[in-house]
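Both of the next two complexes hold chain A, though its partner changes from chain B to chain C.
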Partner chain A sequence: MQKSLHLDPNKCTGCLQCEMACAWENHRSFTIAKSRIKVFTFHHEGRFVPYTCTQCDEAWCMTACPVDAIRLDPVTGAKIVLEPTCVGCKVCTIACPFGTINYVASTGKVQKCDLCGGEPACAKACPTGAITYVDADWTGLGKMRQWAGKTDTNPATV
Partner chain B sequence: MRHLIIGSGPAGVIAAETLRKAAPAAEITLLCGEGEPPYARMAIPYLLKGEIDEAGTHIRKDADHYDRLRINLVQARARAIDIANRTVDLGGGRSLSFDRLLIATGSHPSLETIPGMDLPGVHSCWTLEDARSILAKARPGTRVVQMGAGFVGCIIMEGLLSRGVDLTILVRSGYMVRRMMNPTASSLIRSWCEARGVKILTRTQPLGITAGDGALQVTLPDGRTLPADLYLSAVGVDPNLDFLAGSGIDVDRGILVDPTMQTSVAGIYAAGDVAEATDCLTGRRQLNAIQPNAVEQGRIAALNMAGKPAQFRGSFVFNVLTTLGLVSSSFGEWQGVPQGESTEVLDEARYRYLNLQFEGDRLVGANCVGFADHVGAFRGLIEGRVRLGKWKQRLLDDPTRIMEAYLAAAHKVA
Partner chain C sequence: MAWTKNVLRVNLEAGTCTTEPLNLQWAQDYLGQRGLATKYLVSEIDPKVDPFSPKNKLIFVTGPLTGTMAATGGRYSVVTKGPLTGAIACSNSGGYFGAELKFAGWDMVIFEGASPKPVYLLINDGQAELVDASHLWGKTVWETEEIIKTQLQDPQIRVASIGRAGENRVLYAAIVNDLHRAAGRSGVGAVMGSKSLKAVAVRGTRTDAYAPANPEAFFAATEAGKKVLAANGVTGQGLPTYGTQVLMNVINELGALPTRNHREVQFEGAHDISGEAMHEKRPTDGKTNLVTNGACFGCTIACGRISRMDPGHFSVKDKPQYHGASGGVEYEAAWALGAANGVNDLEALTYANFLCNEDGFDPITFGATVGAAMELYEMGVLTEQEVGFKLPFGSTEAMVKLAELTARGEGFGKVMGLGSKRLCTKYGHPELSMTVKSQEFPAYDGRALQGMGLAYATNNRGACHLRGYMVSPEVLGIPVKMEPQATEGKPAMLKAFQDLTAVVDSAGICLFTTFAWGLQDIQPQIQAACEGDWSEERLLLVGERIWNLEREFNLAAGFTKKDDNLPPRLLKEPAQTGPQKGAVSKLDVMLPEYYQLRGWTPEGVPTAETRKRLGV
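Let's turn to the complex of A and B:
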């Protein structure tokens, strides 16, 4: 059974441990601006929402990439950016309707969540259980479909 | 079942791969029209910059990729289609038969109609062969006159400047990238370019080009001539339809398709730059010559060719552009709609600009300059026709809260 990240805003306290863990894992830096997972703050509602790529089935980013720089990791199911191949054209950043693949000016390439090869650092770092790495069935994939159903969009799948 | 695909750009390649997945036993042939392996035009700017070699432009990197998927690559150009006998003429007495056909022939540069366009040193920037010619000529000090500052014209500037050329851009209209940017965004891009040494002449269309004094001489309407070692034409593109004349397949500006990407002839499909599909926001038919559109249409066409019904949601017009390092993007109805509302923030000094267009409580369009984070959410909001509810007013007050609005309205998380 493939696993995926389960993000639960109800448990998030906005401590940003996940962003720090991600920036450290991928950039050996605690500059949270470089993190691939983002916690969005809703001041009005006093709510924190952790958000990152759910490795969606449609993989719009991967299909749109003109040069084969995004590949499927057969083990984790993650869509992974091959940095040396990426030309930095950013087409993937507008193709992903979730806004979860982003351009990094300092490298001239894009980055997205790659599930850390199966041991996501953010989930390990989260002290409240707001981010967990669990069986795929009841997380992102289902949620994504639910979302797709909620709006008029109707992504076809192979 | 014999599937034939004409054109090995992104639309053709994704279609072939999708077909293989959906129809494991089918015979799949992919016609490559340029004597090159399947490559992506989009990668050409990075080839000009010297960041990648030609192999870096190839759509798939593994040498045996097409063999492994049993996709037959054939180097030839389609000359004509015989819909009654279900054959494609390749010239020289050769032809191929098909049960299902996909036309994914893309587009070609539309050249300005002035004398001198056939002179050596006059090029477009559309094919790998064009890129080779440009690379051979563009050296430090080379005087380049480029006609056109549309999307492709802007994106190749960085590659040209990185080679040390002296660049002058002629723009027919009053402003750059006018088909994707509003005047405010466009003038930000212009001043950014000018600050980096690019000379830009708007409302200028050359009258003709001649050869003399060891260079090209470009005559301007005010009587001046600009000497040039290289003249680049980048004024737009037109679909590749010539070989369809008399075939019985309905065309207007492009090949007309229904939501399954089928043309007016059963069993014959079209996808990518060459197809004229319905816009998902306006309901009007239009060409949409961008990469994401090409691959989505290629995928939908292939599913239907394999007998798996799939519907194209309609063209969504959006694009991201990097002009000498300045990132800008445009989505949907960025010009606004009648009775719509809009909001914007501008920070001229920092080259940042955001303009949002609403219809009722839905976002229908946007222009961004200097904002590159989470821009995909614009697509999610606009194409998904997400109702913003109370977030519309919040966005009118502060458009930069777009990601919060997206999470709250599309994902109902707040």
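Let's turn to the complex of A and C:
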């Protein structure tokens, strides 16, 4: 079964444990500037929204890369940056419609979410279940259940 | 190592920024944050200095767990000599600013001198410079943050700033970061204003500045800690759902909710301004005051309130800038802006709270000062002519008006900006100021809860609830249940709480963790993050050392035993209603025992033996 990161902004509190976990996993540092997942605060709406790469099936970053430095991980479905091959041309950052692949000046390479090889650190660190790693075919299951719960099948209460 | 080992020293007079290594011996003796900055301050300033003199210093400081995955590891403190009290001032804030300072590679920033013109400090990792802030002077906290981010074209920069209250030297001005988190009490923002320092803006991207000493043990300890917080009724359920506002109805029913300048101990409008009410749909627009809860950096509790006002409310009707969501009332603010002056309009409280965040002033001292002014008005001492409008208890319009005037430093707001001690003294009734060391009580009556009364009287930064929260045992039964009116065992429990709190405040984590965490949960996290052996015994000794260092500073500043006191109202006027009816504070019974347990003389001075034992 392929799994996918499922982001639920309604559960996010903006604590940034996910960003620290990502930075630690990839840079051995808690500095969230290096995180591949970002939580955006829409202050005047009172909303916190976690956002990262959704691993497009037809990945434009991968198509755009002139040196084939972005490869598919057949097990997880993640599109992975091969650092030794990446030349830092940043064409992928232009190709990506969502902004989730970014250049890292200190390494001269790009970075993006690689699903941590199938055990995403952000999902593990999230204290509220706003980030989960679930069956890729059923990311809508939670919402379906929520709405299903609102249907009234007991005529006696009508 | 969990410290970055770098201190940034900013001379505002000369306009210079220099780097110096952290005094590692002091880090071993005082841990970080509150303790460490206090050690620096005490070593560098004359305790008798005028808080607004350029010779006073202002320190922004993080702890070893700040900017780590330890739950709530995002705290920083501001330490200085406070203008409201004249005592040591140490105000603690959350939000995202503290962690960013650490990411940039700094444990501490020490400001000395005063700038000849308005400036702000811009920190970009190892680079620090003072930038002209003439265009920011006169702006609010909210405007300042937006302008800095826009001008630098960097939405990820974190800003801590003062609003007009700090510029105007309101004696309880706060420093506000991330729009609605504040180093709130004792007037640290006014000291910042006196130095013409408008803001500190930080961007931190370093990956090599610090790391836990033992990562494996660190993750084991912090993950265990998070499980304890999640499983606890207060930190796992109560605080996320209701915030600290979970207390409003509880404290009122216990007869410990100071009302109308402490004339009463129960407020008939308590429910209207409670955490429960924030969840109820408004009859006016069918929406709730509360939009969601929010977390500070690294916090797995998420007690923060994000509120949206009724846009039709009289206070904001034609002011769209207040129609969006922002930081809502916490318990202390709701009490001060509401019960302390008899106002039960949640929307008005939310508006006043927005103003406190927007212009940077402490809602506790402000609200309590409103209550004192209202009592003077009802006595006929303060007149409508003097104030500019009617000021009876319960007047929502008056409370709101005073919040606006105080922020801008206009009209009667100037007098309000002095706090209740100076206001009541000015009008001939110092006894009506509900303060210790000139700082206002928070939301628990010191008669109804005997331990809180003792905590207020002995607090090094004046009356406050955050240095020995006896509400835990006296109301919540944490770690053991103590009867509110009992005095037995209270001095010993308070001493233990004060010392433990000093450790928590020095570590980089939030005090609210201690609803669930004991030292046995905190110690392994500090041990794994920091070099050296940090046993529970050693940590408590560090806490006691910090408490005594603060005490020594205050004694040298001129405070004596007579300042460890409560207003006559709490000592002589019995509580009139509720379960604590008839209660007055039995401070005289508890204080001598407290001094003795502290190893102080009957005059409240640490003995030579105590000084030697603690190395203070």
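We take it that the second predicted complex is superposed on the first by the 137 of 158 C-alpha atoms of A that agree within 3 Å, B and C clash if a C-alpha of one lies under 4 Å from a C-alpha of the other, contacts with A are read in each partner's own complex, and residues count from 1 in each chain.
We take it that contacts are C-beta pairs under 8 Å (C-beta built on N, C-alpha and C of every residue); 3 or more make two chains touch, one makes a residue touch a chain.
Only a predicted model underlies this, so the values are computations on that prediction, with no experimental measurement involved.
> In the superposition on chain A, see if there is space for chain B and chain C together, and answer fit or clash.
In the arrangement built by aligning on chain A, the partners chain C and chain B fit side by side.
> Once the structures are superposed on A, label A:E45 by its partner contacts, choosing first (chain B), second (chain C), both or neither.
In the superposition, A:E45 touches chain B and chain C alike.
> With both complexes overlaid on chain A, does A:A125 touch chain B (first), chain C (second), both or neither?
second
> Does the superposition put A:L115 against chain B (first), chain C (second), both, or neither?
neither
> Would you sort A:I32 into first (chain B), second (chain C), both or neither based on which partner it touches?
In the superposition, A:I32 touches chain C alone.
> Just to be sure I read the superposition right, which of the two partners does A:I94 touch: chain B = first, chain C = second, or both, or neither?
first
> On the superposed three-chain arrangement, identify whether chain B or chain C touches more chain A residues.
On the superposition, B touches more of the residues of chain A.
> Mind working out whether A:D68 is in touch with chain B, chain C, both or neither, as first, second, both or neither?
In the superposed model, A:D68 contacts chain B only, not chain C.
> Minimum CA distance, chain B versus chain C, superposed model, integer angstrom?
Chain B and chain C, overlaid via chain A, are at closest 6 Å apart by C-alpha.
> Enumerate the residues of chain A that count as touching chain B in its complex and touching chain C in the other.
In chain A, positions 45, 47 sit in both the chain B and chain C interfaces.
> Enumerate the contact residues on chain B facing chain A in the complex.
These residues of chain B touch chain A: 10, 14, 18, 21-22, 40, 42-43, 45-46, 51-52, 56-61, 291-292, 295-296, 299-300, 303, 308, 310-311, 313, 318-320, 322, 327, 329, 331, 372-380, 383-386, 403-404, 406-408, 410-414.
> Would you pull the chain A residues touching chain C in the complex into a rising list?
13-17, 20-21, 23-24, 27-34, 43-48, 106, 125, 127-128
> Which bits of chain A are touching chain B when the two form their complex?
Listed in rising order, the residues are 9, 38, 40, 42, 45, 47, 49, 51, 60, 63-64, 66-68, 85, 87-91, 93-103, 105, 147, 150-154, 156, 158.
> For the complex, which residues does chain C have touching chain A?
Touching chain A: residues 67-69, 71, 96, 99, 103, 156, 179, 203-209, 211, 226, 230, 240, 291-300, 302, 304, 306-308, 324-326 of chain C.
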